[in-house]
Amino acid sequence: MKKKLSLLVMAGFLTASSAAMAADVVKIGFMGPMTGANAAQGMGAKNAFDLAIKLANKSGEYPYTLETVALDDASDPATGANAATKLVSDKEVVAATGHWNSPVARATIPIFHENNTALIVWGAIGVDLTDKYGKMYPEITRVCPKLDAENIYLADFLNEKGYKTFSVIHDNSAYGVDCQTYMDSSLKNFGAEVLSTDAINVGEKDMMPVLTKAVATHPQAVYYGGVVTEAALLKLQMNKIGLKNSLFCGISGIADEKFNEVAGKSAEGTVIVKPGDSSKVAGWDAFVAAYDAENYSEPMGAYGKYSYDAANIILAALKQVGPDRAKVAEAIRNIKYQGLLGEYTFDETGQTTLLDMTIMVSQDGQWVNWEDSLYKSGERKLIGLK
Amino acid sequence: MKKNTSPAAGFIFSSIIYAAVVIFMAVDDLYISLGLIVAFAAGIITAVKTGFWQRALGSINDNTGKMTVLAGIFTLILPLLFLNNPYVIHIFTLACIYCIATLGLNIQVGSAGMVNFAQGAFFGVGAYVSALLDVHFGFPFWITLPAGMAAAGIMGLLMGLPTLKTREYHLSLVTIACAYISFLLVMNFKWTGGPDGIPDISKPVIFGMEIGQKITLGSITIPGVMTYCYMVLAFLALALIAARRLQNSWYGLAWNAIRDDEISSRCYGLSLTRSKLEAFAFGSIFAGAAGALYAHFIGFMSTENMSFQIGLLLVCMVILGGMDNLAGVLVGTLLLIIIPEKLRAFEDYRMLSYGLVLILMLIFRPEGILPSKPRMFNLTGRG
Amino acid sequence: MTVQHNFRKPLLTTTNLTMQFGGLKALNSVDLSINEGQIFGLIGPNGAGKTTFFNMLTGIYRPTSGDVILDNTSIVGKTPAEIANAGTIRTFQTCRLWDNMSILENLLLGTYMREKPGLFQTLFQYTKVKTDFTRKAEEALAVVEKFDPALASDYNRKVSELSLVDRRRVEISRAILARPRLLLLDEPAAGMDPSETRQLMGDITKLQERYPKMSILVIEHDMTVISGMAEQVAILNFGTKIAQGTFDEVKNNPEVIAAYLGGE
Amino acid sequence: MLLQLNSVSTSYGKIKMLDKVCLSVDTGEVVCLLGSNGAGKSTTIKTILGMVKSNNGQILFDGQDIGKMKTYEVIRKGISVAPEGRRLFPRMTVEQNLEIGLAANQEDSAELKDRVYQLFPVLKDRVNQAAGTLSGGEQAMVAISRALMQKPKLLILDEPSFGLAPLLVEAFYNTIIEISRQGTTILLSEQNAGKALEVSDRGYVLQKGAIYASGTKQELMENDLVRKCYLG
Amino acid sequence: MSLVFLLHLKNSIMLGAQYSLIAIGFTLFFGALNVVVFCQGAFYILASFIAAGLLSLFMGAGSFGPVVFGCIVFAIFFLAMCLTGCVGMLVERSTIRPFRSAPLVMPILSTIAVGIVVEQLLKLFYPQGSNPQVFPEVFPDAGMMLGSLYVSAGELVILGTTIITFTGIYLFLSKTRLGSHIVAISQDFEAAHLMGINVDRAIYTTFFIGASLAAIAGFMNGIYYTVFRYDMGAMAGIKGFSASVVGGLGSVYGAVIGGFLMAFTETFAAAYIPGGSAIRDVFSFGILLLFLILRPSGIIGQNSLEKV
């Protein structure tokens, strides 16, 4: 009896959900870490994404209502796979953008490929995401720079400034290991010498053993491949242990105000490379104003602009071909789109050709664009140069 | 033993529960989910208050055979109900995979009374061995799966060694240490894929058909996850049978005995060494199987899925459901997989609630939702 | 020298068995020999070292010095499980049952050392396990029935709910089910009233008749309890054996009277 | 009456340990509690001391109901105990063991120590030896001394002759008589009835958790059943 | 000895001091109740949060003369230590006492759960709790040279505190009445009861002290490494427990030796084994496993006989 009843109830639910399908709604997915340690990155990107969709709805250029489906991947591949499955299960979702962590992207990419659904990566910078998967699967594209590009850019810059000896420290996460690999090869390409290489655990607080090893080699600069907490700890402990006269440098993993906050005075003079400083981009101020107008509770963060552009690329493709997953995916690959940061096209691996990078330096407790800094003007000198 | 309880109460009870579960899984809205949880809890409290709960459980206990069939039918129907929503099937499949791991953990925690926080590591070993054999050597799933199980079993034996001479508190420490050690080693070696994990793990192939591939039959499309789900269900059924047989055999009796009183057990010829190692080995084989199924299901394996937290979560599942009660273990696992997935918005509070639930359970209901009961022997001509 | 009352071969022999805990000599150079099929009483006041003696016979303690020979083999250094497998089974003064398990489960575990289905049968031929259980359960209930039929009919009850006397009965039945060659009973009558004690002792005597090759070593602090049944008794006091012989011989030993009966 | 138990019952889980035990000890008396192992002697003592809570009945000490008190409160009221099996702190020296005895007593220790060294001169040479390394007899002495350090109104001795050589037992009972003579009331739990009755004024016989017989020394010694069961 | 070696030595001493203090707590708890309190790490991190919070409040309040400043800093440390101690007592009352006669696994699980709860509460409800926290620099930026090795004021304070704390614990346990009661409880719980010791009070004291020791270790962590985060407690707790097992569970001296042994192993393995720094925990846990296989009673443990 009850069993039949339950089946009836179930059937009711299914009909209800299929009825909704008839309405003119097109959904676009967003995935990113909205909880956990990286939630700040994910929430900012989500808001910017949401902003793009809202603006598109307001523009009246689409004959249907656009809807954001934002799902949390919690920086965890398994959760990401759940979210991706949820997205592709929803027939109204035409395309998605996702992920700040490369392992999560690796877990979800096959799911999107199997379902012929486009995925634009907005924040994960693992090289293989496009070099390998983008090449294999036409559904996959990426709007942010790859990890090796950042390292090459940094190595180039430091080489030019005259740094020749380095100690490389990295954490044992995927990100850290990749940083080490690409920094190492970049430095060698420029003829610099890597005096020591060491790994630390994510979550480690005691950097003294690795730093002590570095002390012995007297490097001009210490490169760290990893994220903020450990970077700040390294910088603080470097000053304690007698590496005061070595430059500390890194890539976008450290590009967070939290670094300056935690490392305090010790942060001064740290050099990093990060995705472009966009304050000079035309339309930037309007974008920021629009973001502020929505009163999101979280700041946009460094990656908001990418997810914003990713959303707009999907929307542009949608406008071209209509709400069909496979066609949208194809259209994205071949798009030529003037976004916030410049003109987007994708190469044969799905990687954007737009190169967007800036050197920043920590100055008085803030990240300052190299071009505007006292270091560039010569008022202050970079650490570690003779 | 009286055996005249009618199965009706049990039927009604399980149908209601089933309907509730199905509705809960179908609902996508956070607030409706929350409402359902509250309603469900209220329903259970009412059922306990009115005595329906006890009557129903009694009826289920007395009609085990019929109820097993019913549960089987219910389970087999479940994926079909969600033909249009592969996401639900995906979550259900994951829950079933974890069920296999917790059935194994129950051997250690429930039957033998050894708290093992390294089940997550065994899960990982199974997954990694299977995945590596697949990705690097191209072995088919039907070889990599047993290999993963065997590797996990051997790991279990090895971990058992330092615990033999030691007591409960040392044992927990050893398992924690082993969980960290295996995590760090996998993380820091290149051939395990290191922190990048192992992508592109292939799907199992059976009779030339790739499991997990979507099938189109005329107008109906069967999502790929559906076939995988049924394969996992088949494995879960095997695991359940094996777990039940182990539990209701000399092995189970011996584990219970060493849990209750080591000295007494030794004086009756039970070798602690042997029983404990068996518990570790068998338990980890289950975890290894679950890990392998997981790796091939997601197609990607990384260290996040073998961390200490996973081990902790698995222990929570067993304690919540009911130690040494197989049905309880399944209930605990399903609850702790499905509810957090529905309440993903509260993800940040997840660990906190696990901690609180664990404390409250230990203080107020240490036997879990479904407590274990002595093995019921029905001997003819007696009683 | 002790007098041999029969010529059956000795099953258990201890020589110079000594146990020292810190400054305390719990057992001092005890020599004892128990023959096959004998009921042997070990008597002494509390703290005389009786239970320590058992703990050494069963491998829970390793003697400080001396040797324990069971059936021509030394068991010193062997694990309790190995010793149990060699045929020595004990009960405990405080009745150590597996408290969270049922009467029948406890009894079945008594037969643990006997031949039983292995892993293969468990996983793939489960009916064999079932028939094995049924057979052994029937046997177990037949044994416990001799003590108390009520226990046999209520076999799914948890042992923690039983009265002390019933627990004791379950424990002794469990020991018998292990088919020991040497059964060690540690104060089986503790906590019983005289009539229950008498009944128990009668039961033990009957047991011995049913299993004539089994030797039984009973610990008692009160020698009257086993006066009727023990073929031989040894008296332990402050860790030393002060006398051995038949009950009547020992009873009139002046040293025993002085030590044990309090100088009357 | 110094100590009075009015129909006290105790159970452990579902098993009944004491069944309506009535018992009294008057100031200055030596009262013995007889019974075989498992008869409930230890449970009675634990119940008096509040280690085990009674289900019903009343325990009066010095006119106060101590049935609901915590163990340390009971002991601070003036009951001290030399527990079964001595229970010394094995890795502490004799002196430290004695000082622990002062837990319930804030008085000057020197005088009290002198008193016990007078009772047991042997201990004086063992002051700095770890208690676990003492011989059985010496451990027994320390156990009683430790209890005496609390200057008890009522001294409970649980199986004091546990594991002692006959000669020592004799000497020991003489000491008990001495302690009693110095004005301490004693409740003596013994399995060895003959020896215990010798030094006692009155006695109770326990069996299966209930009082089975009671009376003065003479009455008990003449009681046939007691003779048969406990005096051999 | 080269400077690098000396630096490694200093690092391991600083780390060893922390491990030892946490390990002493484990040993005290274990002695008192025969339970392993797995939330020691939570006390450690909780104390860091309390102290850092109070210190930054105070340092934001204005500038003070050096003497006043020093006194207030000391008072804040003391206050944070006492608060942590009280949390320790609370934990004992709520999640350990209910399991006094339950199977040993119950308190293990419940204290692990308490550890998670404390950690998550800090993460979720402390302002910016999930971020790394900076431990305010309260000691002057000065120091002294020991040969070629520079030792800063903070490090000297850590060394001094370690020595004072070890001595204090020793004196407390051996010379005070309450201390001897705690020792008595650890040797025979029931006998301690029977001697009229207020066992509950003594156990409260034990938990107060144990948690305070973890708190001191937490302060040291903050002073030496300057940054801490909500999730650093769990590992510190597990390492401390391992140290107490390696040293011999139940022995205070053992805990100290074990703590330093673990720290030396870890630091030098990270320093001198290629690729060792990322898997340094493997070495310290390896030592633990070795001990459990070869000498389960630890360096100074005595094998206790089971009571039958």
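For clarity, chains are labelled A, B, C, D and E in written order, and residue numbers in each chain start from 1.
We take it that a contact is a pair of C-beta atoms (placed from the backbone, for glycine too) under 8 Å apart; a residue touches a chain by one contact, two chains touch by 3 or more.
Everything numeric here is computed off the predicted structure, so don't read it as measured data.
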Exercise for the section: Indicate the lowest number of steps between subunit D and subunit E, counting one step per move to a touching chain. Expected result: 1
Exercise for the section: Could you work out which chain's C-alpha centre is the most distant one from the centre of subunit B? Expected result: D
Exercise for the section: Considering only mean CA positions as chain centres, point out the chain farthest from subunit E. Expected result: C
Handout entry: Chain centre separation in whole Å, for subunit D relative to subunit B (CA means)
Key = 54
Fill in the blank from the handout: Here the gap between subunit C and subunit E, centre to centre from mean Cα coordinates and rounded to Å, is 48
Practice task
Compute the distance, rounded to whole Å, between the mean C-alpha positions of subunit C and subunit D.
Solution key: 31
Handout entry: Separation of subunit A from subunit B, taking each centre as the mean of its C-alpha atoms, in whole Å
Key = 35
Exercise for the section: Return the residues of subunit C touching two or more other chains; collapse runs of consecutive numbers into ranges. Expected result: 21, 60, 92
Fill in the blank from the handout: Listed in rising order, subunit B residues that touch 2 or more other chains are 184, 187-188, 263, 348
Exercise for the section: Could you list the positions in subunit E whose residues touch two or more of the other chains? Expected result: 275, 278-279, 281, 306, 308
Completion exercise
Per the touch rule above, subunit A residues touching subunit E in the complex are 37, 172, 198-201, 203, 205-210, 212-213, 215-216, 228-229, 232-233, 236-237, 240-242, 258, 261-262, 264
Fill in the blank from the handout: Within the complex, subunit A is touched by subunit B residues 11-12, 15-16, 18-19, 22-23, 26-27, 81, 84-88, 90-91, 94, 184, 187-188, 194-197, 199-200, 214, 223-225, 298-300, 302, 304-305, 341, 344-345, 347-348
Fill in the blank from the handout: As the complex stands, subunit C meets subunit D at residues 21-26, 45-49, 93, 160-164, 187, 189-194, 221-224, 237-239, 258-264
Practice task
Name, in rising order, each residue of subunit A that touches subunit B in their complex.
Solution key: 1-3, 5-7, 9-10, 13-14, 17-18, 34-36, 39, 71-72, 74, 76-79, 81-82, 85-86, 88-90, 102-103, 106-107, 110, 114, 126, 128, 172-178, 199, 201
Exercise for the section: Name, in rising order, each residue of subunit B that touches subunit C in their complex. Expected result: 1, 242, 245-246, 248-251, 253-254, 256-257, 259-261, 263-272, 374-377, 379, 382-383
